[in-house]
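There are two complexes below, and they share chain A, which is joined by chain B in the first and by chain C in the second.
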Partner chain A sequence: MTGVASVAAPPLGAAAPGAAWLARARRRAAPWLLLLPAATVLIPFFLLPLVALLRNSFNRDDPTALMVTDFTWVNYAQVVTDPLYLGSFVNSLAMAAAVTAVTLVFGYPFAYYLVRWAGRGSLALRWVIYTPLIVSVIARVFGWMVIIADSGLVNTALLTAGIIDEPLRLLFSAGGVFLGLAHRYFPLMVLPIASSIAKIDPALLRVSAGLGSRTVRTFFHVVLPLSLPGVVAGAQLVFAAVLSDFVMPLLMGSTRFRMLAPAIFDEAIGNVSWASAAAMAMVMLAVVAGMLLVTNRMFRLAAPWARTL
Partner chain B sequence: MSPESSGQAAGRATAGALLYRAYVVGICVFVIAPIAVAIVLSFSSVSQLRFPPPGLSLQWYAKALATREFVSGFTLSVAVAASVSAVSMVAGTLAALAINHHRFPGRAVVQVFVAMPLVLPAVVIGLGLLQTLAWYGMRTGFAAVVLGHAVIGIPYVTYLVLAALANYDLSLEHASLSLGAGRLRTFVQVTLPLLRPGIVAGGAFAFLLSFDNVALSLFLTRGDTLPLRLMQHIQYYADPSVAAVSTILVVISLVVMLVVGRTLRQREDIRLVT
Partner chain C sequence: MTDPRIAATALAAEEGNGSARPRPVDLELLDVSKSFGRVQAVTGGSLVVHRGETLALLGPSGCGKTTLLNIIAGFEYPDTGEVRLRGRPITTVAPNHRDIGLVLQHYALFPHLTVRRNIDYGLRARRLPAATIAERVGEVVGLLKLDGLDDRYPAQLSGGQRQRVAVARALAIRPVVLLLDEALSALDKNLREQMQVELSLLLRRLEITTVLVTHDQREAFAMGDRIAVMEAGRIVQTGTPAEVYARPRTRFVLEFLGSTNCLAAEARATADGWLEVWTGQGLRLRQRAGSVAAGRARLYVRAEDVRLSPAPTPVHDASPGRVGLVTFLGAVRRYVVLLGGEQVIAEVPVHAGGDEVSVDDLVYLDFDPERSYLVAGE
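Presenting the complex of A and B:
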């Protein structure tokens, strides 16, 4: 079954050339046999659907026949010119950039504390950061609704304190979506950063301190550069996750602030415009792929010491 | 905490260190608050989302359990997640063994391909599946959603098993084979037990991500999994019965995590034995 079996010495009677050929063939086939179950799922249900989307994005939507086979750029033209589609793109990109920036700024110090300062409390902090990952997203949305609704905790507190005269519109606004997304993806930023800080050799810090650097200097010259791989990984994960998030825009957003994932869903299911939905999905895919490539490239130029990653 | 213990000791008294600690506590409150609020409110005695609740009751649990959509959604989601977990554990473990034990042409491509579903937007995968189900004579429903979720479950299992394989000693398999155990027996009695922590952790992750999935389920079901039912409910009447269901889900997630944690601790025992 396993490859080791085929690597092991051939049976004693394997002198005949036919048997040797058989053994070699079996050794060659072994990895592909092991990959077969994964391929049976991933090729028809992941690779081919992406190919189909690419092809369908050049078709023409038809009110009577779902899609008409064609080769036209009209769907892509629509995505970049129609203010409705373009708007949802711009909104989603801006939201992804904002959530990534804010979770990075707030997440880095948290990750640093988790690894370097927490000591015995680190297990408790780890549980805190894992919690959002294991609690149903609907439960978290429900909690936020109670906290930021017009008559929710925040507004009640601010009104009672006399800081505001009428409730702030937080829920069902871009701000609410932002809060929900930042909360949902905070661990996705913290965990890679924490693991890259944890990998830094303590000897380097001792040397830096021993050479007379103060903690702040050590941080900016040793810790921060060496933790860049985690920062890049976290930023990539959060950015891509926000772009494709469906739940927060739907439950905590408003129809005035359209975002990409719900727009694609509406286009495909609501308007039954498969070709145009496919074009939107392809543009989204291109944005995510481009983001991954550009950040990896920038990262390699800016941080050549991490090339092995 | 050796590297910075001196810095920590010196900094403990300063206002900066206190501020830093307050900051971390603040972040913890931010992370926990919505979850805690949802749990407390599930015991509320009124239907308004008032916090703190004026009184306590179990009526929302009773209502949740009497809501047919929730119960059938829960049953369906458990069945889907369990199937996804099983499919992902088998396919993911075997794929990890292929990548770890063998050197073959195209290995690097296979590695990247298996990781791809994790970094590509789920909405795109879901839309692609919606437009290709007909090719396979399939329609939205159980089989479609299980296979769709498995697309994300398999990479998780593969990577967690690969991590477990990082400090795996191939000579144990050689020893087993040379001592006369057959290939199947070696696989079942040597390979599998050593990889169990990775497989179990991967299976648990696959279960949880399927159980909480929205982006793929939207395209692949008829809106009948539990997260979709909760979403529909919360859009029209956000009463504490959603919080009651959520609290039950939190308990289930915690149980799954504890089971995984226990299995991961057993890994230490295995290391001691070997």
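Presenting the complex of A and C:
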């Protein structure tokens, strides 16, 4: 009822000061303990090699002695001046931009449909999204080969229909790599967008309609801005993944369209130039980090509200 | 307050029929029904809301009041029946062409827009000139005391401020009808009661036609000029709060409004056209024979109508009850009287005077038979 209960005060100073200190220390240590399992793997197998790689990038490759300890910017100078290296950078950046743009254009409506309309079919559709994540990349590449090889389904169909006279070069070309990458990373675009659309309170859409907005205006003024965090996350994931992808260019690409990760691999293993390979890897890392910083900054400017949530 | 309209409403309540209402009709529901699959959500709902009036749609959750609100707002179209806004049929008009202001339970403010942009959202959708928009925003900002909050985001506002922004946003479009869907229930008690008063004053002053949907009887009474009580998809009774409270038409309305005692009773017709009513606990009273036939029945009497007496009373002259619990509730003292295995609650104003009654005292119940209700059935 409305009575005020008298609460017995805990006896002050009952516990020894040492015990209190221990309790506080435990409370502070708790979050770090949770990180411990991850740290035991990440520090020796990721962070330390990365530091070693950074150090290597300032060493000097020697034709006779594998790699000589040094401190030189020579490798970086080579990366940004040599047209071969530079070319693979430009190719990878262009590929990353193209794949990001196309997966966004196809992925956004897909994600929107998945969340807003699909209903019971949604589960089946989600599996369509998840399969590329589940099926081995090799299996998928062979799948693509069956479809786009010179004697594959597409070419056979086009030849039979008399639309073309000789097979189109699809596999082992930039186009083939593009298809493979777009397919592989489509889920990375769709899933963050779908989750951010799913988080939008349906009441906002009703209020928007009630205030006189048609569906199209509601989309551009409510749904799109509120799903921007998902768009940014999806774009960042796809861009970074494509930029550093190794398997697709290797299996589906051609040496006439060199991309970054295979180029680094060739440099390190084929040419045994560890230092310059390390420099290329560090530049790639810097580009990805820079891209993340710039897009995060752009997002903060475009969506100042996100920080208030 | 000397608002003539308040006096008129009070007069109508006195008359009990509300016949003298010259005001035009803003919203009309004619025999509206809606079912979802096999569930009949609303059955034969008819309502008339006059200009400037606040109608409270009151009912427990699941009674169909939200469906009715959705039909008014245009988010659902009824299976049968018609909705009219100022005489214009809008039964299947899309929500964005209705000019109905919406305030929802959790406000549904756009989290990505500032207070100003939330408020002018509907005005921009109407593509009004910038000067008009600025003028209308200034107007509602002033009305709802939101000055200085223009550039805040909803997440940076208090619950009460969000509530005001939601109302401001709905009023900015100058709606024909304002719909409040449990609009105050997310606020805590004190703030909620304060907002009830403030909103009621504002709606009266601006003569805004309002439909308030709520499950809270106190809120419906506090804000509604008239109440429509809903039960299982039907509007079972409509009237001023005083009418509905004094003359509940169904057992549901009776049980839903106020705290009511219910006793099993037996009714027998007498030669002079009255009913003689007994309860197992020694209560005996006479009631006018109305719609209730003789036989098993339930006798309802409200806690605030029950008095306690140390001596036998006209309605209770044998086997007194024992006071089991006395609770001080501020304005009233609540007594729980144990009477032959039943509990009867009496709420007596603290300042009413009378004899002090304490736990374990033997008491007789007293109440005016006119203020008790007899309902046929077990």
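Note that the second predicted complex is superposed on the first by the 270 of 309 C-alpha atoms of A that agree within 3 Å, B and C clash if a C-alpha of one lies under 4 Å from a C-alpha of the other, contacts with A are read in each partner's own complex, and residues count from 1 in each chain.
FYI, a contact is a pair of C-beta atoms (placed from the backbone, for glycine too) under 8 Å apart; a residue touches a chain by one contact, two chains touch by 3 or more.
In this text the structure is predicted, and so the values were computed from the model without any measurement.
S.K.: Is the arrangement of chain B and chain C around the shared chain A a clash or a fit after superposition?
M.R.: fit
S.K.: Is A:225 touching anything from chain B or chain C once the two structures are fitted on A? First, second, both or neither.
M.R.: second
S.K.: Using the touch criterion from the header, give the chain among chain B and chain C with more contacted residues in chain A.
M.R.: The partner that reaches more residues of chain A in the superposed model: B.
S.K.: Regarding the shared-chain residue A:301, is it in contact with chain B (first), chain C (second), both, or neither?
M.R.: Touch partners of A:301: none, neither chain B nor chain C.
S.K.: Answer with first, second, both or neither: which of chain B and chain C does A:240 touch in the superposed model?
M.R.: first
S.K.: What is the contact status of A:213 with respect to chain B (first) and chain C (second): first, second, both, or neither?
M.R.: Second partner only, chain C.
S.K.: State whether A:161 touches chain B only (first), chain C only (second), both chains, or neither.
M.R.: Neither partner.
S.K.: What does the superposition give for the shortest Cα distance from chain B to chain C, in Å?
M.R.: When the complexes share the chain A frame, the smallest chain B-chain C C-alpha distance is 6 Å.
S.K.: Using the superposition described at the top, list the residues of chain A that contact chain B and also contact chain C.
M.R.: Common interface on chain A, chain B vs chain C: 1-2, 206, 209.
S.K.: For the complex, which residues does chain A have touching chain B?
M.R.: By the definition above, chain A touches chain B via 1-5, 7-8, 28, 30-32, 34-38, 40-42, 44-50, 52-53, 56, 106, 109-110, 113, 116-119, 125, 128-132, 134-147, 149, 151-153, 183, 186, 202, 205-206, 209, 215, 236-237, 240, 243-247, 250-251, 260-261, 264-265, 268-269, 274, 277-278, 281, 284-285, 288, 292.
S.K.: Write out the stretch or stretches of chain C touching chain A in their complex.
M.R.: For chain C paired with chain A, touching residues are 73-75, 94-102, 104, 106, 108, 110-114, 121-122, 125-126, 153-156, 169-170, 173, 327-330.
S.K.: Provide the residue numbers of chain B that touch chain A in the complex, in ascending order.
M.R.: 1-4, 6-8, 11, 20, 23-24, 27-28, 30-38, 41, 49-51, 87, 90-92, 94-95, 97-98, 101-102, 104, 107, 110, 113-114, 116-117, 119-125, 127-132, 135-136, 147-148, 150-151, 154, 158, 170, 173-174, 177-178, 183-184, 186-187, 191, 208, 211-212, 214-215, 218-219, 227, 230-231, 234-235, 238, 242-243, 246-247, 249-250, 253-254, 256-257
S.K.: For chain A, which residues are in contact with chain C within the complex?
M.R.: For this pair, the touching residues of chain A are 1-2, 201, 203-204, 206-214, 217, 221-222, 225-226, 303-306, 308-309.
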